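In what follows, structures are represented as structure tokens.
One chain, subunit A, links the two complexes that follow: it is found with subunit B in the first and with subunit C in the second.
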Partner chain A sequence: MTQLLRRALLLALGLYLFLPILASLAYSVATSWTALLPEGYTLKHWANLLENQRFWLSLGRTALLSFSVVALSIFFLVPTLFVVRMYYPNVAGVLEFLTLWPFVFPGVILAVGLISLYSGPPLQLAQTPFLLIAAVTVISLPYAYRAVDNAFAAADIKTLAEAARSLGADDAKTLAWVILPTVLPGVLSGGVLAFSAAFGEFALTQLLIGTLWETLPVYQVQLARTDGNGSAAITVLSFLAAWGLGFWALSLRKDAKVSVI
Partner chain B sequence: MSLGLRWASVGIALLFVLFLLLFEVLPGLLLVRVFWNDGQLSLASWAEATRPLFQRALRNSLELAFISALQGAVLGTLTAWALWSSANPLVKRFTTGLSAVAANFAGPPLAFAFIVLLGGNGFLNLILKGLGLPTVDIYSKEGLYWVYLYFQWPLMTVLMLPAFGAIQREWLEAARSLGSSQWGFWWRVGLPVLLPSMLGSYILLFANAFGAYATVYALTQGQRNLLPLQIGFQVGGDIGYNPVLASTLALMMALVLALSLVLYRLSRRWAARMEGV
Partner chain C sequence: MQKVGIRLENLHKHFQGKTAVEGVGLEVAPGELVSLLGPSGCGKTTTLRMIAGFEQPDGGRVYFGEQDVTTLPAEERRVGVVFQSYALFPNLSVAGNIGFGLRVARWSAERIQRRVGEMLELVGLLGFENRPVQSLSGGQRQRVALARALAPEPRVLLLDEPLSALDAKIRAGLRTELRRLQLELGITTLLVTHDQEEAMSMSDRVVVMNQGRIEQVGTPRELYTRPTTPFVATFVGSMNLFTPEKTPGGYRISGHEVALPVAPAGQVGVRPERVELNAHGPFSGTVELVTYLGAEQQVLVRVGPDLWTVLAPNQVLLQRGDPVRLHVPEDAWILV
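And then the complex of A and B:
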């Protein structure tokens, strides 16, 4: 009885998570689908999509956005967490507080605040990709922060630094050869998570810049109005990207613990 | 550490704080400007934001979040139990990883995947029709619950796993050898240990659904009276640009989320006591 219930639950979850992707995959290669199974199969929809310049441009913008967010996150987080862990552990609480902020001010609310703040001088950033990059960095911060912070916590860098120094390493050597290699998997994992969050971001993009700087999810919403099969192909690509990045990030962590907030 | 390295890092940290002030904290805090009009306190925008239309939007969003979180919580807790009691480490690891990844998947791709599955000519609806069963209308209120369940269910599963980890399998065996039934064990021992985590996770699921914008926007092209969609309309919709109203509605939403966060922190403290971590 227990055994049966357990199997049924896990099977149901598996079906629930895979069925939508499989259906989209089938729809993206179907000629016409009005009965139980598609009438025939074709690669026409994929070919159309891959020949479409708008698709490539939106994918390029999404990649640019995601890489910028990762670069900015790592540029800020690694030195900050390094000095906080090493010299100023008292201010760790402030950082923690700042990473909880997007919980109370999610994408929609942040967009409203940013628009009213940056629509005029002195900083007229509204409707520019720069504001979008900054905003998406803020929203994906909790993911990246947690991964990088866990890496620093697990490494116990203070002890590591003392050990390296007592062995005669100077500071630059300690940082380059001892501390950075130890926290690298965690930093990479945080980067991958931030990339994934930025890749799928829609609310901020649509509200801050919309079709002026079309990213992949915004393009998909436009495309879905006229070409359901092409939109299904983008669904498949998005799933592959999110799942691939997600499993990659998980595999970079030594502990199997999964934290959300 | 040499001073150069240390102060360069401090410099970047300060830059980071400035960045967060400009693009995270101030945009949130300055929303309260809507209560000032010509240097005077004014509640005019609050009156506008509590019109029946927006009251209904708030109520609809609360209802959606309550119910969608409840569905995810029930299924996710049961699934976490199934993983806890499963003896197969491979199944455990795969399902945990899958859930962690799926819990973060939302937005247009998810909405369109469900339209392919449960839209007017959706694949599952065709099967249901063929079997003479009632079909699902993905664009209806109930339809949205099906879509949200896609991330709520795995999210709850992932959130509840650590709590189940606090329950030792030997306890169950000990209780059974003392004559307790399986149900008796879960009722008297399991539930009290799990309850704080269940509550905390439920609150996260609630906030997750309450603030969600992308998925429901893509599914209905924004044609639904929910608070996040109304806010979006006021800043970028076809109806017009009304930043004051948008800010007031955003504050209303932030208030609900802030309350959720406080309750979540309290439940975490309670959970730490119960689970002994």
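And then the complex of A and C:
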């Protein structure tokens, strides 16, 4: 392959990835855009968006949803993986298979099933944020699982826990003083992945709760019908947030490589 | 430090239908260092893990002194364990690692600091308190692991292949130091190793294990000079081992008639260093390979159907193809 061709490939990939974002950014500050380039530029759409209470409320709900999902994921994953790696290593394969299931189920099936299950007693949770948080936690689990499981695998948790136990630490102290600090970088990077997955969740949210408890992606879709420029501004904001979190997660991974062993 | 011995009674352990340990019984006297020696998969590590409380035996009992600890959880046994992989806590400093067991036992900060200092001095790492464990060499890490295990004054010390991950040179140094410390503290110690040199050089007694069972227990000298099974004879040191044929006048070994001091029940062997190059020896053979070892040379000699290993002095110049005659003193034959 010639050097030219290699560079052309890289350039094509770069354009494919970045052009839509650049276009969104341009659209969010365009007065009107019918030709190749916008006719003029303005910050009006951004100002409108930032003054809109509906935007801030939906952003708040999305933040609440995402943080709850991260907290729940970590709360379920860390002790479970600890117990599995320590006492039931044979179950690890089953667990991994189970965490892939949310990928297999289309969101519609999940939503319809959840709504019909939780529409009546004993747990009347349909159309409440609680059901949404629980459901989004489940579909975000695969992302967090990978990162946390890798952290457990890299640190030889079993031997570390045995060392702690031989020094008199019971399971709770072992978990709190040894295991958790050791896998923390992996847990945080898994948390960031779960956060991103929950932050951008649309399909399930729309079906489960829709505008009753409007999250940022749902609001964005609503907004796109009336104000495309404002919607583009949200896109840019979301990307910036995702990048920031992503770079942070990557830096945690790098630290983890040094501190583990 | 209270001195207790370890007593194992008829220990059994199976993993998914596979037998790991089968009927192991052993008594380790207070203050004694006993090695479990054997190839990988012989059950030595599983035995150590049952003593530590990491595995629950399927049958049999474990005693520390008079106390039955068979069902006692690991965290209540007061054992010190040193692992092959060091298993230092990566989030803690050297001092944090050594003081871990003391913190768990709720010692005061001041007492912990004093004890950590003592332990650092004991293992020769004074001044390393605040270093992160990642910055240490393998030998230093294992010293920290030893200090961490000893700090809470355990009743017994369990060493699981503690030197296997280290370079040969550091291994030899640490081996001597470990033994010196153990004698100084007088702590009952069980060492698991696959390295017969390590077991022989460090132990009061060695337990040779094979396929989940104990083959032989004895002092290093007993094991070397009086092995009771062919497995021990070949696993501990090297051995020329033969199955003798009965003849009217005596026995035939490697196609040559020899007189044996005692009638053998099974096989007979001779250590390479007890075989002599002697022009009047009864065994005639041909040199196949000469390996120079510095202090001596190892010579492989083809005698009839067998290949003999002979350790010979360096002064004798030998080449591949040279005819040689071998002599075995009568007391050098070992019956197994």
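Just so we're on the same page, the second predicted complex is superposed on the first by the 234 of 261 C-alpha atoms of A that agree within 3 Å, B and C clash if a C-alpha of one lies under 4 Å from a C-alpha of the other, contacts with A are read in each partner's own complex, and residues count from 1 in each chain.
One rule holds for everything that comes next: contacts are C-beta pairs under 8 Å (C-beta built on N, C-alpha and C of every residue); 3 or more make two chains touch, one makes a residue touch a chain.
None of the values given here were measured: they were computed from a predicted structure.
*Asks:* Looking at the overlay, what does A:100 touch: subunit B (first), subunit C (second), both, or neither?
*Replies:* The answer is first: A:100 touches subunit B but not subunit C.
*Asks:* For A:182 in the superposed arrangement: first (subunit B), second (subunit C), both or neither?
*Replies:* Only subunit C is touched by A:182; subunit B is not.
*Asks:* Looking at the overlay, what does A:26 touch: subunit B (first), subunit C (second), both, or neither?
*Replies:* A:26: touches subunit B, not subunit C.
*Asks:* Which partner chains sit in contact with A:240 here, subunit B, subunit C, both or neither? Use first/second/both/neither.
*Replies:* neither
*Asks:* So, A:156: does it touch subunit B (first), subunit C (second), both, or neither?
*Replies:* Second partner only, subunit C.
*Asks:* Looking only at subunit A, is it subunit B or subunit C that touches more of its residues?
*Replies:* B
*Asks:* After lining up the shared chain so the two structures overlap, which partner does A:16 touch, if you call subunit B first and subunit C second: first, second, both or neither?
*Replies:* So A:16 only meets subunit B here.
*Asks:* Check subunit A for residues that touch subunit B in one structure and subunit C in the other, and list them.
*Replies:* Residues 170, 258, 260-261 of subunit A touch both subunit B and subunit C.
*Asks:* Using the touch definition up top, name the residues of subunit A that touch subunit B in the complex.
*Replies:* Of all residues in subunit A, those touching subunit B are 2, 5-6, 9-10, 13-14, 16-17, 19-21, 23-24, 26-27, 33-36, 75-77, 79-80, 82-84, 86-87, 98, 100-117, 119, 123, 131, 134-135, 137-138, 141, 161, 170-172, 174-175, 196-197, 200-203, 206-207, 210, 217, 220-221, 224, 228, 231-232, 234-235, 238-239, 242-243, 246-247, 250, 256-258, 260-261.
*Asks:* Along subunit A, where are the residues that touch subunit C in the complex?
*Replies:* Touching subunit C from subunit A are residues 155-156, 159-160, 162-170, 173, 177-178, 181-182, 184, 258-261.
*Asks:* Show me the residue ranges of subunit B that touch subunit A in the complex, using the header's touch definition.
*Replies:* Interface residues on subunit B, with respect to subunit A: 1-2, 5-6, 8-10, 12-13, 15-16, 19-20, 22-28, 30-31, 33, 75, 78-79, 81-83, 85-86, 91, 93, 95-110, 112-117, 121-124, 126-127, 130, 149-150, 153-155, 157-159, 161-162, 182, 204, 207, 211, 213-214, 217-218, 228, 231-232, 234-236, 243, 246-247, 250, 253-254, 257-258, 261, 264.
*Asks:* State the interface residues of subunit C toward subunit A in the complex, per the touch definition above.
*Replies:* For this pair, the touching residues of subunit C are 52-54, 73-81, 83, 85, 87-91, 100-101, 104-105, 134, 145, 148-149, 152, 158.
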